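Written out below as structure tokens is the structure these notes cover.
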Amino acid sequence: MGRYVIRRLLQMIPVFIGTTFLIFYMVYALGDPVNAMFAGKAVDPAVAAQIRHQLWLDRPLWEQYLHYMGNIFQGNFGTAYNGEEVTTLMGTAFPNTLKLTTVAFSIECVLGILLGVFSGLKRGRFVDTLVLILTLLVISIPVFVIGLVAQYFIAVKWHIVDPSVAYGSPWQDLILPGAVLASVSLAYVARLTRTSVAENVRADYVRTAVAKGLPRRRVVTNHLLRNSLIPVVTFLGTDLGALMGGALVTERIFNIQGVGYYLYQGILQQNSPTVVGFVTILVIVYLVANLLVDLLYAVLDPRIRYA
Amino acid sequence: MPDQNTDPADDPMGTEVHSAFATPTPNLASMESEQLVEREQLEPEDPEDKDNLEDRDDRQRERARSLWQDAWRDLRGNWIFWVSSLVIVFLVIVAIWPGLFTSTSPLACNLSNSLQGSSSAHPFGTDNQGCDIYSRTLHGARASITVGFFATIGSVLVGAVLGGLAGFFGGWWDAILSRITDIFFGIPLLLGAMVFLTAIDSHSVWIVVAFLVILGWPQIARIARGSVITAKQQDYVTAARALGAGNSRLMLRHILPNAVAPIIVVGTIALGSYISLEATLSFLGVGLAPPTVSWGIDLSNAVQVFRNAPGTLFYPAAALSITVLAFIMLGDAVREALDPKLR
Amino acid sequence: MSTASSARMTTADTTEAPLLQVRDLHVEFRTREGVAKAVNGVNYSVSAGETLAILGESGSGKSVSSQAVMGILDSPPGFITGGEILFKGRDLLTVGREDRRKIRGAQMAMVFQDALSALNPVLTVGYQLGEMFRTHKGTSRKDAKTKAVELMERVGIPGARERVNQYPHQFSGGMRQRVMIAMALALEPDLIIADEPTTALDVTVQAQVMELLADLQREYNMGLILITHDLGVVADVADKIAVMYAGRIVETAPVHELYARPAHPYTKGLLESIPRLDQKGRDLFAIKGLPPNLVRIPAGCAFNPRCPMAQEICRAEVPPLFAVTEADGAELAGRGSACHFWKETLHG
């Protein structure tokens, strides 16, 4: 197990470098930040050159990258061009997004797995068909349409909740946005769980468990689910990325001042430090989440652990 | 993964020695020996076995054929397959010849007509620009379906080839390709879209397709890698290998037909989600842009006005959802037909 | 139909009531292609300390009938459509689900063919063994593990104390099968059903595992049903044999008598198709044709299309299990043959 963890950690390094460099490269292809700073007004070439030099913009891209990463590891994410520390922006943005994602992820896990197990065990029955049809519908409608319609009916028309999330994102305000954000992933989790359960339900080891005279509940939880959930756990890990991306959309609809909001502002203003900083953090979160999922995977499946 | 076929002895030491060979850790010695072992198994053993091989090959082909024949027999009796296929055929026709169904131009807009309800001139009403929603919905099919089709074809080609090779050859190939997949996987799709698509001025269909392929292939690659590894471990592949089948033969005749099923399924479903993604990108303001006509553009235009004119949101959303649904259901039907375990 | 002969069969055991008595069992599978009649009126009995071998090709209904006895038939598509399964005098088919579950594992246990897939890959061997004690006896987790180690030692797994925490894939085939046997043995059941317990193993290991099973059975005086397609496995350990074909028992006999003097053409064919050293150089005998499709079992005797002795009557009438006697009418205990021409087969 120790070796496995070390191997996974080592594997993370090139991935981290590759991903952040890719983002760095894309952002710096955005355009000339100096021009953006002066909003396209004519700039004294000497001043521009000086600013470029200060911002390391006159160096090759890889040097800029190394410089930037070096700063990041000292906790210095740089300053947005409007003078605000990027870390300050992050302090405002990330808690909101984190809360939203947590709500969505919890809904996705609990509801998705429950629905999937239920319909997998009742394969071919009415419940199963119903779950299949509903999940299909959810998957086929774009999230933002679901979000807008849900917001319109639940918040605007029926006044069950507020249409936009209050400052500081209190948990109860995040239930509707969280559900919207979770909707598509939830549908996938339910379908994946269903397939996996339905496949494993006829497995030899399940038959053995029945032949051992184990109570049905134990057969299902300890034997069937233990195995069926392995692919689901993997999916949940990779799906965190989709949730973080989807948060951009949900935040826009429900007016949450989270990562999506600041990122969008940063992109509009061609504010590279903000964009790269935010995206780097997101990538780290994503990579760590994936690492955790892999470790969990190894805990769940000994064939991986001892491979 | 430990190779079950060669589990050498009863003692625990046996498994430990064995697992050292199977570990793709960055341990140079073990990796090299592993590759050696694998290469030895992969090389064609004896050219004299040719006859035997052909024989075996025919049978193998039969097996593959009967898998597809079985699947076809299954599909023929499945109404979901027929309904979704018909819908898709219809959509493709609309995408190619939208003029067959409407003579109104989607760009002939009259601001004085904006946000009207349904009338004989505008069966679905008009949007806030005064454009005919019916015509725009029909014409929007082209962009959405083009994006969906080509993004899928691109990412399936790239993903299946790279993932398949990684799964088949293992070792260094696998390690490197897996890390590259991870790098692209590390960028959440919508996040990458925001950054990447704002960087590029052009908002043509092909830019969106290119972007979806670039960030979409790793998903297919992972699936392809997994299913090739699974197929590789099947007994009949071991058998074919023992009979001296070469690498390309193994891949094309033995592994491909059996590894391709999950890729087709994921591909059809991905197609649906790409169409949906195109709309989301437009909603975020980084996707297609006018004068292109697409459901995504119409949907994002509808955001401001749909509370007063639900039709502006409803019709493009319905068209898009039906399209996505048709592809997902087709994928599902094909999967059920191809997966004998689920029967 | 065959109740008379089954009653006759069991007279040999009437000194004490048999442990398990299967009477006129019918099982069918409702599939897309039609109704497959997997078991069609099977009768057999096993007493404590006795070994019954059920012999047959795949699709003969030998596994299905034992799954029906265990109560682990996949349903749907499988349905028990008739008969009785008397276990210690109780008809299991009328027992409630929860009571039935408590019997499984505790009073009757099963050893499966492929231990690699029959053991749960993600749980340790110790856990899976200990589960028997924990669910049936309420033993604590810790005590269950101790018992698991004892069991593993009992079935001859070296280093049990260390290996109890390992996973099935870390064991060799033979050792895995020993784990399966240990699991079946855990609660010292009265009956063990072993479904092709050695088929997936090397020949040398086969003998060891078979011996272990036979030893344990003697030691605990259990009834053992041994399901196999391998005549060689049976000879040393079984007391009596039931040969199945297309969902029916076609011949029953004490083991050595069956080998010496088969009374059914199918059994005869099976015996003749075993390779023997003294036959070297000659062609191996093979029964012509294929086992019947269970959806369309031939009318009359199901074996008639493949039988060298088939006559008109074989195509018209299903032969009951005739009591088999010597030519002079002397009784042959425990023998029966479902062949219209058993006399000719046995004596001719």
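Observations on the model:
Each chain gets a letter, A, B and C, in the order it is written, and its residues are counted from 1.
As a working rule, a residue touches a chain if its C-beta (ideal position, glycine included) is under 8 Å from a C-beta of that chain, and two chains touch if they have at least 3 such contacts.
If you're wondering where the values come from, they're calculated on a predicted model, not measured in any experiment.
Think of the whole protein's Cα atoms as having one middle point; the chain whose own Cα middle lies nearest to it is B. No other pair of chains has as many C-beta pairs in contact as A-B. Rounded to a whole number, the gap between the C-alpha centres of chain A and chain B is 21 angstrom.
For the pair chain A and chain C, the distance between mean C-alpha positions equals 54 Å.
Distance between chain centres (mean CA atoms), chain B to chain C: 48 Å. Across the assembly, chain C contributes 169-170 as residues in contact with two or more other chains. Among the residues of chain A, those touching two or more other chains are numbered 202, 303, 306.
Residues of chain B in contact with at least two other chains: 2, 15.
Against chain B, in their complex, chain A makes its touches with residues 3, 7, 10-11, 14-16, 18-19, 22-23, 26-27, 29-31, 136-137, 139-145, 148-149, 152, 156, 195, 198-199, 202, 238, 241-242, 244-246, 248-249, 252, 263-264, 267-268, 275, 279, 282-283, 286-287, 303, 306-307. Considering their complex, residues 202-205, 207-216, 218, 222-223, 226-227, 230, 300-303, 306 of chain A touch chain C.
Those residues of chain B whose C-beta lies close enough to touch chain A in the complex are 1-2, 15, 19, 22-23, 25-26, 179-180, 182-196, 198-199, 272-273, 276, 279-280, 283-284, 299, 303, 306-307, 313, 317, 320-322, 324-325, 328-329, 341-342. Chain C makes touch with chain A in their complex at residues 70, 72, 74, 101-106, 109-110, 112, 114, 117-124, 131-132, 135-136, 167, 169-170, 183.
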